[in-house]
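The two complexes that follow have subunit A in common; it is paired with subunit B in the first and with subunit C in the second.
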Partner chain A sequence: MTVARPRGRQIEKLTTGTQAVAQAVKLADVDVTAAYPIRPYDGVMQAVAKLIADGELECEYIVAEGEHSQFEICKHASAVGSRVFVGSSGVGWMYAMESLAVTPSLRLPVVAMIGNRALDDPGAFGVEHNDAMVVRDLGWLLFWVEDAQECFDATLMAYRVGEDRRVSFPVGICVDGAFITHSQTLIEIPDQETVNEFLPPYDLGDRLLHPDNPITIAPQANEDWVMEIRKQTDEAARRVKGVIREAHDDFRRLFGRGGDNPFFEEYMTEDAEYVLLGMGSLGLPAKVMVRRLRGRGEKVGFIRLKWFRPFPDEELAESLGRFRAVGVIDRDYSYGSPQQGGVLFTDLRAALYDAERRPRLVDFIGGLGGRELTPEMMDEMAEITRRAARGEDVPTVSWIGVRE
Partner chain B sequence: MAGREPGAAAEALEGRASTEVLEEAKSVEFTYRGIFQKTLAANLCKHVVMANRRREWLGSTIQRYSDSPERNGVPAKQFAVIAPDEERLQEHLAKYEPGELDVITVLDDTLCDGVESWAFYGRQPINLRLRRGGTLIVVSHRSAEELLRVIPRKPWPWTLAILPGTPSMGGLWVYRDDGTDMRVLGAIAKVRPDIFELEAVEEVVEEDEKLGDEHLEALRSGYEEVRVYEVASGEGKEDDYEPVRLPGYREMREAIIVEACKPGERNPDYKTSSDRTMRPLVDFDACIKCRQCWLDCPDEAFDVTEEGYFPVNYDYCTGCGLCSQVCPVEDCIVMVNDLEFIEEGNQDVFPKWKEDPEGYREWREEKIARGRVRHSGYFNTDVWAPVDGGTAERSREEERG
Partner chain C sequence: METPGRVLKLDPIRSIKKAPVEEYFESGHRTCQGCLSSLPMRLMAKAAGPRTIVLGSTGCMYVANTTYMTTPWVVPWMHTQLGAAGSAAVGTAAGLKALMRKGKIKDEPINVIAFCGDGGGADMGLSAISAALTDIEYNLLIFLYDNESYANTDIQTSGQTPWGAVTTFSPPGKKHRIMQRRWKKNVPGMLAAGHPDTRYIASGTPAMPVDMMDKVRAALRAGGPTYIHVLDPCPKGWHYDPEHSVELGKLALETGIYPLYEIKDGVLEFTGITKQIATGRRRRKPVREYLEKQGRFAHFKNQDYAYFQKKVDEMWEQWIIPCVVAFSYGGPINITGSEPRVRNKNVERVNASWTGEPGHAHEQYEGVSDAPSEPWRDDNRLDEYPNALPSTGH
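On to the complex of A and B.
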């Protein structure tokens, strides 16, 4: 698909990841937000507050007494027709768990930024992906961003996809703590008119909770109803991928960004013999590694997964069948899981089980708790994957950068 | 659940009365009022199982599980299942809740009018799952004729056994032992020796250090006093029960949404029924139109007439008695036992008063004289088992005085 020049005028701005999200929140004209501080998410609540203070955004800003209330406030505001924005990090996100668990079944398109953070103790501020991943089985859609630009883009995409009447699911924008939330890069910001063209007004239709439309949302459901509620939610979850494809095409047409594939980005994979695959900010050192090794004649590539839920199983199976080995990089872990590896690795293995051509899959656990993932570490992972591709005996799961 | 098919075991028993099939597993249901009689029902189930251990049978108890039943006064069920061996017990337990019952024991006779554990499911007949030849035991001072005006007919003969007594509060969380459990056990032993024999339960009581001679006495009194009526096929109230049809996921509205009502409308799907043990009866002559009943009713069950009176809409009244407590006029709103209104059902009594105030007054006074109750809806007998019902009658008299 050829990409036309972006519609409208785009301005360039040096922003952090959290400020980029806030810019998108402003252009999405969010009605209600609820805030409670925890690093590294708190940068976004400060950025949104500043936009309101400066008169750039008209939005109800509610400081809650905790994350549970924060997410409840936004869930209810969403039910009465408000476009909402909320977020948290690490154990704060965990504290909201009860609210997070019920939001998808109520089919309310709450958009949240998750500033990915290690789950305490010991009070680590740094990035790990396990916090966001705890909602992976509950109906939340999860998008992992690579940089500040994608923070902005993914936020608009979250409203567009989540609020689509065929979908109506909450969306989590997963932003690596510190590496993306706290570093500034130049981003392109489109004008309001073009954003309006991409993002229609929030419309719940006959699901709007209003005195003129008397409905009850979420009455007590006992054992005779839950299976049907789950199945309904499942039917909607199956429609999400199609809606993402549509939204992605519109996004490219209007803003001139986003790449060919709505679900994952492939980097130098055309003739690759083996690839690394991961999510979030690790794309940067991975790409540096790929370029360096390519310079030495290594046929290596990198795939960065963007949508983790819905998991693009068929698309990945089709693409990965081309390679002899895939090294999955998990900035998370799943104790006692099959092969004792990471969450992404476990999901990917499940996705490839029915594939006609299955590459060898190895897993790397690395960068936990905010530890840096360097291009040198990427070299190490690439080397193990290369050996796996050639049929050598390598460990299925390796912890990279751990002190022994 | 509504519409559940009888299990394979039940089909195998087609044509044979449950009392005749001695070697099969048996199910006993205790229908009670949530919280008030919780411990009572649990204690009864426990004794059914333990009495069966005397003949080397195995047993298990199951509580009807849902969010609702354990709340104040809401109809609830606990089952005891007994079987001669583990295989036959497992066959029964594999269904979780018994689909057909050999014995149903009703611990509060106002439940004879139907059991509704969850508003949406409608009122189920008390004997809905009673097997051919099964036995319904009711703790009541009412006659079989009176009770059969509210208990639906079955296409086969069954047995109604009445144990004289008032609804016991012996199951409230602070267990006040009034001997009702023992009397009920005695009644079961008498009318259904295939469930357990009197000697078996006597042995269980004798071995229990917490129980004494008075318990044995209550057990035997229950055995002696229970009265048995053979109910013929087709005898009883015409059954208008229709099982609730539950919708599939394609029919349901998305996002856990149900239609609600516009202001001023009442929800036809959320009527109250068998969680009410008593109902308020208003004296419109005495009413000063202060509207406190209307304001305070937690279920908004009071309507307002053009003249400014506040008749009760019994389709939505839970019988909590709050109105009778906030009413400033003495005896203007009086709580009356719900079984006194078999003839009237839930119909509005206001037109009756408008047409014939004198006739209404006489009718109301008669109802109050027969069935007046105070706040809880239960006769709070602080004394040991009202064996012949006399104590309960006396306390009723005392309350009235």
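On to the complex of A and C.
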């Protein structure tokens, strides 16, 4: 892996995941934001409010009366050409669902931070990925981050990719609740000039809603035209991967971070016989597990998926073909789905169906409702995957850490 | 009312002949014949002029007007979700303000108007409108066109449907003649009472076009978040011949069911016919004259008319501000801290539902004679009069 020297001056700062997002919001010079409280995302709105109060960011800060309004406010502010930031968590994100569904069809690049959280009852406030995954079929681009540094990086990346005229889609930055939103780490923050070089001004072109450009946005189309509109949206969705690659190259050149692969991070996979694959905060315990097992001579690796939408199907199929087994860790669940497994697992199986070399795939459901995923649990998952790699009979889907 | 600097200069329109000739809501829509909801759209756009952005929440003025590839809107227009007129207006106004302040677009006053129907505005969108009216930094107008039902989806009961009206959700039946048992929500009164920083709230009707256009201009001149509630007779939903639309709008004023007023900086002033009634220069007509002209009240018996009249009388005689603020003083109260006094001598709390038997207030009118002066109003022969039901559309 080649690491470029970062352009410009970088400062180091001890921040939580939410504060890191707020720092990126400031450097992106966001024009409008709308806030409504729900844990664990709300730390970002507190941080943005403080930046505005201190005069570090000039931005309209609207305290909405619910998430539906929050997301509608930002959708419409985006339509008149302002860069917007918004976010939510769990059931709050669900309350905004109607707005979430129409924003990608309107092709408005709203950037939202999703502080991943279980969908409440029975009283669960901890991390689970199902909330963000509910929009996976709607056109939202979804990026799962690993730590506060990636919170910052992903926010800049979200504006760059989402606002690209070839893309023009909303982007969700998925941040595991508590584990990342509330954990402090040291992050590197680039200077404004370098950020400006990476992130061009938001320009809607002839889609701008303004009296000088009297257009009608979202008139009522039915069977006459909806298929064509959906197809256009699909074509844009197919262009996203190319735009991500460009943005990723620029990002590495300017900031000296980001790794070789824009879509997923591979950890100690060069000679691995089997790997675990997951998203979000489980990267840290998984890497601890890999290092420990490597010390004992186990040929194990870890792959952390960053972009969940667009799903890097070809790239994953090419990479995973090298291994004999892949253990997918799902911090989500899809009741009654094929194999009764998680969403990531189901998507990955679909992605590998046409691959020439298909590893054995097993699924682990773990860490639901905010339960910790410990290195010991990782060991257990690695053991099952190792047995799968050797051709032993193991369950396709295992629930990890459940009291029987 | 003082005019802040950041709004367009829009002079009052004193007569229909002095209204601008330019249209910003043109042909190209497909509303029903006699639609009195598309007329306020046209008048509102005319009054606001070309430097305007209009946002339309889901409803018949979205579905019937902006069919894909056609649009009657000459000014920029954007759809918003059913409950989002308030938030769409705030988002648009905030976006424009931020961009102008940062020098990203030309700094100039632009009117932001978000319209909604009674379904989207008085029901699910009420919280967003209420929030918008507290965002005093943004110049915006929320324009509710009230045709008293969810007219786009087949005429269903809304929070603005009058008591007793037939809708597809409140059909008269063999057991229950009255299925719509809720009295119409007083939305402009509620918004005026609860949002003291809002500089302009008004009620209007396109049956009085000059009055309505003047109010749109006054709202846009006032600055900050403003609200106008407009009563629109709807031939399809109210079930009458389309030629009577304007007449019904006027009757709603003459019978006192719907008052015309504006509240500027917290000061209420009645306008038009309502002003004449409030100042004693005109008598209210019986509400029966208004109700009888509409198929949706064809199942009414004398007792229902009597109850309806009683409720409207209560609004005029007992409310602190006739027809607007739904409170009355229960007795002498101490306002100033000095001498106890009663502010409104007319006020006397006689609401039967408090003092009478439990049950619905309407039931006390069961004793009212229902002589068959109009035999077609007989409940048992309701089936013979299918016109008593609004058409179910398609």
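As a convention for this text, the second predicted complex is superposed on the first by the 401 of 404 C-alpha atoms of A that agree within 3 Å, B and C clash if a C-alpha of one lies under 4 Å from a C-alpha of the other, contacts with A are read in each partner's own complex, and residues count from 1 in each chain.
Throughout what follows, a residue touches a chain if its C-beta (ideal position, glycine included) is under 8 Å from a C-beta of that chain, and two chains touch if they have at least 3 such contacts.
Just so it is clear, the model here is predicted, and its values are computed rather than measured.
Taken together through their common subunit A, the two structures put subunit B and subunit C in a clash.
In the superposition on chain A, A:P122 contacts neither subunit B nor subunit C. Once the two complexes are laid over each other on the shared chain, residue contacts for A:G81 go to subunit C alone; subunit B is not touched. By the touch criterion defined above, A:D224 lies against subunit B and subunit C together after alignment on the C-alpha atoms of chain A. More residues of subunit A are in touch with C than with the other of subunit B and subunit C. In the superposition on chain A, contact of A:I215 is made with both subunit B and subunit C. With both structures placed on the common chain, the touch criterion links A:A64 to subunit C but leaves subunit B unconnected. The clash between subunit C and subunit B in the superposition falls on 243-251, which is one of the stretches 243-251, 315-323 or 351-359.
Subunit A residues 211, 214-222, 224-225 lie at the interface with subunit B in one structure and with subunit C in the other.
The touching residues of subunit B, counted against subunit A in their complex, run 1, 65-68, 118, 246-249, 252, 254-263. For subunit A in complex with subunit B, the touching residues are 105-108, 168, 207, 211, 214-225, 227-229, 231-232, 235-236. Across the interface of their complex, subunit C is touched by residues 29, 31-32, 34, 58-60, 62, 64-66, 68-70, 72-82, 84, 98-99, 102, 201, 209-211, 213-222, 224-225 of subunit A. Every residue of subunit C that touches subunit A in the complex is listed here, in rising order: 50-53, 55, 62-63, 66-71, 73-84, 86-92, 94-99, 101-102, 104-105, 110, 127-128, 130-131, 135.
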